[in-house]
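For reference, the structure discussed in these notes is given below.
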Amino acid sequence: MVNAAAVSVRGLRLVARAPILSNPLNIVAFALIAVFAACAVLAPVLAPYDPLLQDLGSRLQPPSAQHWLGTDSLGRDIASRILYGARISLIIGVVVVASAGVVGTAIGLVAGYLGGLVDEALMRLTEVFLAFPALILAMAIAGALGPSLTNAIIAIAAVTWAVYARLTRGQILSLRRREFVEAARAMGATQTRIVVRHLLPNALAPLMIQASFDLGSSIIAAAGLSFIGFGAQPPTPEWGVMISDGRNYISTQPWLSLFPGLAILLAVGSFNLLGDGLRDAFDPRLSHSD
Amino acid sequence: MFRQLRQTSLAIAVAALLAAACGAPTPSASSSPGASPSAGGAASTLVIDRDTSDLISLDPAVLYEFSAVFATHNVYETLVKFEGTDLSTIKPGLATSWDIKDAGTTNDITFKLKSGMKFASGNALTADDVVYSVQRAIKLNKSPAFLYTDIAGLKADSIKATDPTTVVISLPKTASASAFLTILTFTIGGIVDSKEVKAKETGGDSGSAYLLDHSAGSGPFVVDHWTKNTEVLLKANPNYGGTKPTLGGVLFKQVPEPTNQQFALEKGDIDIANNLGPEQVAALQGKSGVTTTTADSLQLVYVGMNATVKPLDNVKVREALRTAVDYDGIVKDLLKGNGKKVQGIIPRGLAGYNEATPFQADVTKAKALLTEAGQTSVTLDFLVPTGQAPGGVAFSDLAAKLKSDWAKIGVTVNIKQTTTAELLATYRAQKGQLVMIYWGPDYPDPDANVGPFTDYKAKSIGWRNAWDDPTIAQKGRDAALITDPAKRAAAYKDITDYVLHNGPYVVLYQPSELFGLRSNVKGFNWSSIGWAELASVTK
Amino acid sequence: MRFLGFLTRRIVGIAAVMVGVSIITFAISHVIPADPVAAALGDHATDQQIEAFRAEYHLDRPLPEQYLTYVVALVHGDLGRSIRTRRPVSDDLFDSFPATIELSLAALLVAIVVGIPAGVWSAIARGRLPDHLVRVASLIGGSIPVFWLGLIVIGLFYYQLGWLPGGARIDTFVTPPPSRTGLFVIDSLLAGDLDALRSSLLHLVLPALTLGYFSTAVVARMTRSSMLEVLSQDYMRTARAKGLRERVVILRHGLRNALIPTVTILGLTFGSLLSGAVLTETIFSWPGLGRYATAAAIALDFPAVLGVTLLAAIVYPVANLVVDIAYFWLDPRTQRG
């Protein structure tokens, strides 16, 4: 049986060995992500108001002591909505990347290891999905299934998985010829064992980098879908919905759209920073930052 | 390395060439830009920003969309018309007089036309053109055709030209003459230049390909061009027989974002903004150079209750739901005054409008009604469309308000938001329980609402809510045929009072249309049926 | 002979991808629980009108048969009829495609003209202020929602400052140039119409900057990292030691090498611009493919959605193929795989 714990520890050791924490930018990235995650997880504790609570007497208030980021067109507290929005965005990012990553990686593993006709067929499939302009495919799927956050997540995952399949396959192809695979085979290891214990951990690096960037891009994609009406619906405090809610108030109450946009910028920026940092860590000779 | 550079620049060039190949338009495609808006340019062209994405055709026998109605109303003339914003009196249009004679199985209406009238092309306007226009609408059988064929029961041979200035239409006795006259005021009644259109017919299309983006009418304006997704330009008709418009032209610009409309209006880049929401109107108050105006629309936003779903089959339960809603709150807080509390099925502006609004958030009374009906806690599904409701409030906000109003009397509703397409499919199949939707009459006659709301057999709103009440249905049909205005009004009062307390409807409000205008624009009066007489506008 | 083999393989590859794209889009459009016809005909449509409509658009046939009908028509260049606009989809696409191409090319130009110099500067000034500025700007560019940026840009540069127009492709009262390519800038140049040229350029600025920001950031980062890689190599150190002249020559050589991955990225970026265009066109009232696709998706207008996805999925591979063919002719020794 494959020892999953051993495999994951092996992967983590790879990470820890890399000089990730020596770069101050990575520390910033981790800190921002930690703040984001904290907001998301602790939203019920941190939020001063119920994000759905309407107070029609205090509509469209600018930032003040009672409402740190002001109120929206129905008197709801924007700060509380942004906190709960963090929760929604985190879920979106994690679910999309996890599902697309698992499915894509599995397909890539199969294609890379089995080769031949299976490989051809699966790679054609990824080409098809990569040929679609992402947002348009997502719109078609979300439009067909009906506008909702769940369907938006499905749609975004559908346009994201193909990259993982290609990455994994590429890594597998370059790794399978390596000596330690020959050695393992000589020692009698089964195919599964070879794949999981030897190939997978080494293929992990580019996948983690991609996942990091995709955490950010899926949040932006979901916000974009919500903005045009295909994703989360009001009164859900998703950041894209909030920007859309505020778009008619730009000239007089700009904070309605300003703050959720800043939230997206910060959250996605932190994931992009992390991705950069991981890329440098795993491939130091390219020295992209410092 | 240069190879990569060349490769990419070649790819870009190829893409541009592909665009060139695609971009070269076929002669009939109306992406050809056309002349600039009138010789006077900015000074004499009225620029209207509007979401015109609903435009499909400018052919009066084909069009049924709001934007097309607005534009085309100013291009074609009709036999009879309404004057200004008064929708209760039919006035002469192309016809100077008409009289109705009993002819056995039909009522024959004889229209006498003005003599010496011309189309924009210079061709004379005669009775033959009237016959051609009506017959081609019936033949094409597009969206508005049911007004002639179903409501009025006309066939191609129902209309005859007895001499160059006389038209006789034989209306079946089952059809309401007054309803028919109001149908004639609508864009389907627009009279087209038969000589010009016949010359442009291809493949038996009765000229509809040509009239899609050209005009052949006699109205104060003609269609200059329609650049798809961008703009429609109307130019003044030099051969217009009435008071010539002061404007040289009218430009409808496709701008879907209300905020962009507001910005353009404030900066003076446009003259009228057509899709402002209440928040834009509020933002425009007090700004120099701009003003805002509202007008009734004839729509009603309502909740349909399925009369066969327990416990909605009990009229007391329906009454309880009606009684619990905070209508004033909806109009004041959600619509910000951009609507009117109307609870009957005939909107203000049509004959038969009933002012009674007996319902306003009475929790005690509503609870009592529920107890009388033997219900203490009720749970129902609530189907709600996505997007904005007429009046500028999100459907989801309306639904949330109703949910909280009804929770106070022990009624729990589960809100399900779907696209309008899906909602309509469920609704039409009688599968909804509570459905939020809106309705606008097809023509400015009370029967355009009363029929659908009361007549189960009409397979319209009453049918969708599974409300089969033969008595009220018959009353509605009878009222449609009454010719004496006083008697008709009394009949409709009777009907609307009954539906108010017994029907499966919670009528929420009648929305207003909001317009932003530059202060120098005068004479813009919106008629709730869906247009304004642009010939009387000056800037 | 080898050329034919290469060509056949590439064309078959593209065709296979197109078939895949069409099947998937077709499947998506028909799995819908809702009925696009009811949406198209509106609330007042009678049952007969709906049935007639369905028959006209073959919606009452079984799915595989609908697909086959579609493919057969496709081979003849017929993309079907849009349910929403009732026009042939190919007409709709011809109308809206040039606007999107013009916007995408402008955005790409921004990415090249701003992104490459920024990346080079950042690499040369590594660790100092310009480097930090470019890197922060790039980070923001890669993290900012394009629709939010558009709202801000219009609010600031059109509404508040009045520097630039806030929507549409050309001024209201300037006649568009006679249509040759559909790209207003090029057509104005061809027609010698300076008014139209000026107006269409001004109208391009804000949407191109908004749409192009993301690509600019990507290009800048790529250029920076490849420049850094080149700059750190041995011959660069030697050149630095030897003095300025040689250094300048080597720098140019280094730039050329650094451009290789950048140019590759540019190609990939062009494809992603269509996605960004969807949101940008909505905000800037730009009558292009993105807005058409959005309206089609909302209306469940699957012939139109199919048309857009097929068009988008074909443009880049075909352009690439044409370029590779050109290279094959230019240099038959080229090894293609």
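Should a chain be cited, it is by its letter among A, B and C, assigned in written order, with residues numbered from 1 in that chain.
To be clear about the criterion, a residue touches a chain if its C-beta (ideal position, glycine included) is under 8 Å from a C-beta of that chain, and two chains touch if they have at least 3 such contacts.
Please read these numbers as outputs of a predicted model, since none were measured by experiment.
Student: Please state whether B-C or A-C has more C-beta contact pairs across its interface.
Tutor: Of B-C and A-C, it is B-C that has more C-beta pairs in contact.
Student: Closest chain to the overall C-alpha centroid, by per-chain C-alpha centroid: which is it?
Tutor: The most central chain, going by mean C-alpha position, is C.
Student: Would you kindly tell me how far, in whole Å, the mean C-alpha position of chain B lies from that of chain A?
Tutor: Distance between chain centres, rounded to whole Å: 45 Å.
Student: At what distance in angstrom does the C-alpha mean of chain C lie from that of chain B?
Tutor: About 37 Å separates the centre of chain B from that of chain C.
Student: Centre to centre, by mean C-alpha position, how many angstrom separate chain A and chain C?
Tutor: 24
Student: Residues touching two or more other chains, restricted to chain B: which are they?
Tutor: 257, 259, 263, 266, 418-419, 422
Student: Touching at least two other chains at once: which residues of chain C meet that condition?
Tutor: 33-34, 151, 155, 159, 282, 298, 300, in rising order.
Student: Which chain A residues touch at least two other chains?
Tutor: 143, 146, 229, 247, 250-251
Student: Show which residues of chain A lie in contact with chain C when the two form their complex.
Tutor: Touching chain C from chain A are residues 124-125, 127-129, 131-137, 139-146, 216, 220, 223-224, 227-230, 240, 243, 247, 250-251, 254, 257, 261, 264-265, 268-269, 272-273, 286-290.
Student: Which part of chain A faces chain B closely enough to touch in the complex?
Tutor: For chain A paired with chain B, touching residues are 52, 54, 56, 73-74, 143, 146-148, 229, 233-235, 247-252.
Student: Which of the residues in chain B end up touching chain A in this complex?
Tutor: 257-259, 262-263, 266, 277, 279-280, 282-283, 329, 333, 386-387, 394, 396-397, 400, 417-419, 422
Student: Where on chain C is chain A touching in the complex?
Tutor: Of all residues in chain C, those touching chain A are 13, 16-17, 20-21, 24-25, 28-29, 31-34, 127, 135, 139-140, 142-148, 151-152, 155, 159, 221, 224-225, 228-229, 232, 271-272, 274-276, 278-279, 282, 293-294, 297-298, 300, 305, 308-309, 312-313, 317.
Student: Name, in rising order, each residue of chain C that touches chain B in their complex.
Tutor: Against chain B, chain C makes touches at 33-36, 38-39, 41-47, 49, 84-86, 91-98, 101-102, 105, 108, 151, 154-155, 158-159, 162, 166-169, 172-183, 186, 256-257, 259-260, 263-264, 266-267, 270, 282-283, 285, 287, 291-292, 295, 298-300, 315-316, 318-320, 322-324, 326-327.
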